[in-house]
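Input: one structure, supplied below.
In this document, chain identifiers A, B, C and D correspond to the written order of the chains, with residue numbering beginning at 1 in each.
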Amino acid sequence: MSAQANQAMPRWVDLGLLPLWNLCVALAVAGLVVLAIGQSPWQALTVLIHGALGEARGIGYTLYYATTFIFTGLAVAVAFHGGLFNIGGEGQATFGGLGLALVGLALGPHGPAWVVLPLMVLAAALFGMVWAAIPGYLQAWRGSHIVITTIMFNFLASSLSVYLLVNWLRPIDSMAVESQSFADSARMPSLHSLAAWVGWELPSSPVNLSLVLALLACVFVHWFLWKSGAGFALRAVGSSARAAHYAGIKPRQQVLMGMALSGALAGLVAVNEISGVQGKLTLDFVAGAGFTGIAVALMGRNHPVGIVLASLLFGILYQGGVELSFELPGFSRDMVVTAQGLIVLFSGAMATVSTPLFARLFGRPAASPAAAQVKTTEAQHG
Amino acid sequence: MTSTCDAARAPSAARPAVQLHDISKRFGAVQANRAVSLSVAAGTVHGLVGENGAGKSTLMAILYGYYQADSGDISLDGKPVHIANSHQAIELGLGMVHQHFMLVDTLSCLDNIMLGAEPGFFLRRAAREVRRELEVMMAESGLHVHLDALVGDLPVGELQRLEILKALYRGAKVLILDEPTAVLTPQETTQLFDTLRRMKEKAGLTIILITHKLKEVMALCDEVTVMRAGQVIQTRKIAETSEADLAQAMVGRKVNLGRRADAKPAGEPILLQAQGLSLRAANGVPALRDVSLQLRAGEIVGVAGVSGNGQSELLEVLAGMLAPQAGRLQVGDTRFDAAEGGWLDPRQARHLKVAHVPEDRHACAMVMNFPAWETAVLGYHELPSYRSGLGGLSMNHREMQRQTEAMQAHFDVRPRDVSLGASKFSGGNQQKLVLAREIGQAPTVLLVGQPTRGVDIGAIEFIHGQIRALRDSGCAVLLVSSELDEILALADRVVVMNSGRITGELAIEDCDEKRLGLLMAAQPESVA
Amino acid sequence: EAQPAVIFDMGGKFDKSFNEAAYRGVERWKKETGKTYLEFEISNDTQRAQAIRRMAERGASPIISVGFAQASALEQVAKDFPKTQFAIVDAKVNLPNVQSLLFKEHEGSYLVGAMAILASKTGKVGFVGGMDIPLIRKFQCGYEQGVKATNPKAEVFTNMTGTTSTAWADPTRGGELAKAQFAKGSDVVFAAAGGTGTGVYQAAKDAGKLAIGVDSNQNHMQPGTMLTSMVKRVDVAVYNVLKGWKPGLSDLGLKEGGVDYALDEYNAKLVSPALKAKVEAIKADIIAGKIKVVDYMATGNCKY
Amino acid sequence: MDEILIGSVIASTLRLTTPLLLCALAGLVSERAGVVDIGLEGKMLFAAFAAAAAASVGHSTALGLAAGIAVATAMSLIHGFACVSHRGDQVVSGVALNMVAAGLTTVLGIAWFAQGGQTPPVDASIRLTGLVPGWSEPAAAQAALGPWLGALVGHGLLSHNALVYLSLALVGGVWFFLERTRPGLRLRAVGENPAMVDAAGVSVAKLRYAALSINGVLCGLAGSYLTLAQNASFSPNMTSGRGFIALAALIFGKWRPVPTLLACLLFGFLDAMAIRLQGSSLPAVLGGGEVPVQAIQALPYLLTVILLAGFIGQAVAPKALGRPYVKER
């Protein structure tokens, strides 16, 4: 405590070395588990890194996974800045997928991509928005706790989507619970096809134009939260509803708006997964990304830049994990889940455990408490 | 600077109960305490005064084991001690009433008192025992609290008594009080001081009192120590000093808090007029009953009253934070009628150039985790000058920071740092920032509550000057304060509130503490 | 020579059900031939195409996809690798380099339905499905036909476990569903619900009722109360693909031994010779085409 | 509805409520002390695994219970190490524990038992069975007590195992602990205003660790119930989101034991009803067709939302919930 208070760490230690160290600790513990089940941790690590970053295709997959996490991470972060814990990214993404698929199926065969795709993106955002706005409304006007309602809405979304898929959207002769395939104009172009278009050969991978959309979403969220008046109001409500009321901001509207935006972002997951990769509405396409978004947002300190980095980390873990199960017989996918959990634990929840150690090693007396403060505000505001 | 008087060697009539020797404490770059020595004689009241941030609270927190000193020693009753945590401090007979209440709102008074010192595993039996002891203690000390009431439901005066009772119950022989009167009414203060005096005499209690109110020091203390910038400036017997002397020692220059009479032009236009305001609080108790009020350009109207008699609600209703059940309001040419449902809201209030400095700056006036420059535009964030680009959707950070710099410079907010988090400023500086913001847009009406609560004497002088200057420029000011001195020093006209009504109105010439006190205490004749 | 590859679907190769059956098939082949194979377990939608492509690029052949959910992924990849041999279980892919292995689950379900009602003392039997998806309705529809054809007055209680993928791994809820059916008077329950089935069989055991397993022979799981299992010989099919791949559609029913009911030492006491004789007769009728079992997948409804 | 149906709904409600209740009480103790517990799901899952593994290998109920409790408590203490000692984010820590539990139970299960993550079934002789085993069948209970009494009381209320009754008793126990004992008082205070507790000379960290230990024990019981009583073996991810439902129940119950019990009973009841409503028909006015399964399955969740929006007022969380305690003024 006193070491922390009296010494400030250089920025590169705080933002670079320390996170790296935490990651290493997590990997070391995961390595122990790997060892315990009779595998070689070192081999596992090299396969993981090489699989995720070693080749163009692996990188493509990594980016594709990261895209989804950027959306859900941003969704959690936006709500968080409004003082809301949106645990319903799962349902909002599912619902977004429904909206996207309805538009895609209805318009896909009839319009060109530049008309259909934007409409699909809008539909995904809109459906996600609605699915989050209802709990937002209930929280603001009826006082229903957002954590419960969003959990319930996750279940409701999946019931609805199973019902629609099984009874209405599924082609009658198909065994699989999925909609018809979209027309080409309703598919988000993949990056390798775009690259081929300008004469650049890339191996095929699912990373698609949604990645650009995700990065745009980051820029937008950053602008929204810290540059726009609306974001100012949202953050004010998130920090102190009473002060916001004093300042003439209407907390209820902000809660509604914060959730709506959060839901819209979560809804965009469908653009990547459904329009970008599957090309048809499938069951369970969200596959826990909504929950992973919580970890992503919190590890990224609820800041878009942090979220991109955390998403990349998770992308690497997902893709590297797949490679691991390809390459190492007996290395099950559950081992990958375990490693991910350990990384969230050590790099996220226990991120400060080693701080005193590093403060002692690299610390220098702070110039002034004000200077120390500037650093943390920057961390928050980028 | 004459830090000649080493308190440790200061002549003391009785044996010292508490001795602090060469205590130093550093927070980051801030030297909060610099070789502080202090000796408090047993059975006396020792005052500790100093500007905001002088290091008083830190020193006491060290004595109470809440912080560890970087260097220095502590002795109690002449024996050197090491106080590693509050638990040990309590065992050593120290009791502390913190600057901010250390109470749990959702628990009863009794639970709050016995927490940490329960005389048994089962609460029921323990509570019975504690209640018996407390009843004796309350009778002896004159400190009365409703033991079964929830803390959240009680007025601050009672909470203050509760805090003291809590310390006494733990067998405190040395009682440290950190700004105990900041939130008390004059009546409550007098009552508290009577009690403290009695306990000093009867029980031989040693008391250390931190306060910004020099009058109180003179009234209660036997000795007083002045701190500035982490150091002891002087320690004096009370008979050997005066308010002016202390003020000068604290601030390093002469301070004038007295009233400055200004001619008040009569017949100025009415800028705000309220009629028949009635408000029922959430629990159904009427908070305002048929309150009518006019504010004219160029006058300061003081609202006096024992806290909890509707002053806060009046302020909030006029600022649009609460909508009354009945009443009418006219601000400039705009009219509102509660019966028709459309009451002023805070946003509209600012459009109508009504500025509001709320009573509770922590919960209300600032967003604690915003940096200063965001806090400095709160409420005014929709002004065109703070907007830029994208049709006004975007905010103009450069302008916001520039304005904040100007505010900080103009109001001498320290530290002069626009990016520092709002919570990191001391109370006095937070208050200055809020005031700067509210005055900054040249309001026509200023509603201000407790403008100098917890603020040191130098800052009070400055804040008073600003309010006067605003009045002189033609603004109408409504001042709610529990400090009669403040009202007497600033107001041109005083209204007194009691049980949600205005029970009297006096021109400032006719005011004195006694008359006001009588109006404030008067039983409302018939409450229909 | 190319190494074969198997891609298991979401449940994983130890799902005690059809993935596991496929696993047993390759393992048998491995033991007999001493050769090795590649494998992968899917954990999300995207990995299907990724996994199949990876295997194809590595030169694996034949590549066997287990589960209908892999159909579209397989179709994509198989087009890109016309020389590689592919096979898919539970779905039909019309490509010259793909062997599609379908099973007539309705026939097997009909048979165990008949067996259930014959073993029932109350004339009421139950069905617990995982998620309400077409494949499960196919099981349910066949089962119902078997029950009703054998005893027109019989009642069948049908329950689905849930609407998310946890429906396949929720033994607690499975157990509750079974208990609810027992309370309504049913005394035999057929579970087609993946890992959820464990709970159903346990509940039957606890209540002293009978249960019917699915996909693999699950009789050993609760000896004494497992009436039988509706086995789907994915293992045999997969083994046969490895032995000799041939393109086109194989639709495996009772006749081909693709589906069947299981009889072993664990349920020998429950299946009296009389019961066995009746069931064998029905089986023979189906094989002979005397009994036509409606396939839910073909008609999109369960009208019979 | 006849008496057997009512009895079986009652019995089913109690069975389904028990793990929820134990988990919700666990969450209640920790959250009243100011520590958010989103890791209930993971702790219950790991405890279920540990209990099943230990009981089936060691052939002992006590061993199973002890293992379940030990593992869940260890996880709670890790949560404490991250969030209490090192002021880590409580939600992140909870999410992490959930992930680790989901992965590691399966990894260990496969490594140890080679049954795809399942544990071998716990022997019937060491499973927790009903106090009056026979009454788990309505018929036997009816034979003993008569048709109505037997179905409703015998089968519905009295046919359960000790953990079911223990969980109900624990509602009173937790209430008594919180409201009537010294540590309970301190624990409530530390969730509202830790600075006050600190100033009163009581260690905030110790209190929170104590709360987390209780939390671990209760989660351990919840997990053990799943594999030693309700089912006989562990299978991967068998908690299926119940930890989250328990969290919802706890918030629904406004962080108070008795209302939390009612919320859990409500969830249990709605679940039990949904099971029995499958396959029922729409009223004739609405066309009379069969109600879609999905609609019935969604019913409990929908009703929860409606109840929450319509009848339950704002829930006020403990003031210091989720905020790590930093010594400051």
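Just so we're on the same page, a residue touches a chain if its C-beta (ideal position, glycine included) is under 8 Å from a C-beta of that chain, and two chains touch if they have at least 3 such contacts.
Note that this is a predicted model, so its numbers are computed, not measured.
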item	value
Label of the chain whose CA centroid is most distant from the centroid of chain A	B
Whole-Å separation of chain centres (CA-atom averages), chain A against chain B	45
Separation of mean Cα positions, chain D and chain A [Å, integer]	29
Cα-centroid distance, chain A relative to chain C, in whole angstrom	36
Between chain C and chain D, centroid-to-centroid distance (C-alpha), Å	33
Chain A: positions in contact with at least two other chains	155, 159, 162-163, 166, 332
For chain C, residues that touch 2 or more chains besides their own	12, 132, 163-164
Set of chain B residues in contact with two or more other chains	none
Chain-to-chain touches, reported pairwise for every pair that qualifies	A-B, A-C, A-D, B-D, C-D
Residues of chain D that touch chain B when the two form their complex	179-182, 184-186, 188-189, 192-193, 195-203, 319, 327, 329
Complex contact set, residues of chain A against chain B	2, 5-6, 8, 223, 227-230, 232-233, 235-236, 239-240, 242-249, 365-374, 376-377, 380-381
Residue numbers on chain D that touch chain C, as the complex places them	4-5, 7-8, 11-12, 15-16, 19, 110, 115-118, 121, 124, 136-138, 226, 230-233, 235-238, 240-242, 271-272, 275-276, 278-279, 293-294, 297-298
Complex contact set, residues of chain B against chain A	26-30, 68, 319-321, 345-350, 356, 358, 363-371, 374, 378-379, 381-382, 387, 390, 392-395, 397, 415, 417, 419-421, 424
Chain D contact footprint on chain B (complex, rising order)	57, 61, 64, 66-67, 85-91, 96, 98-100, 102-107, 111-112, 114-118, 120-124, 126
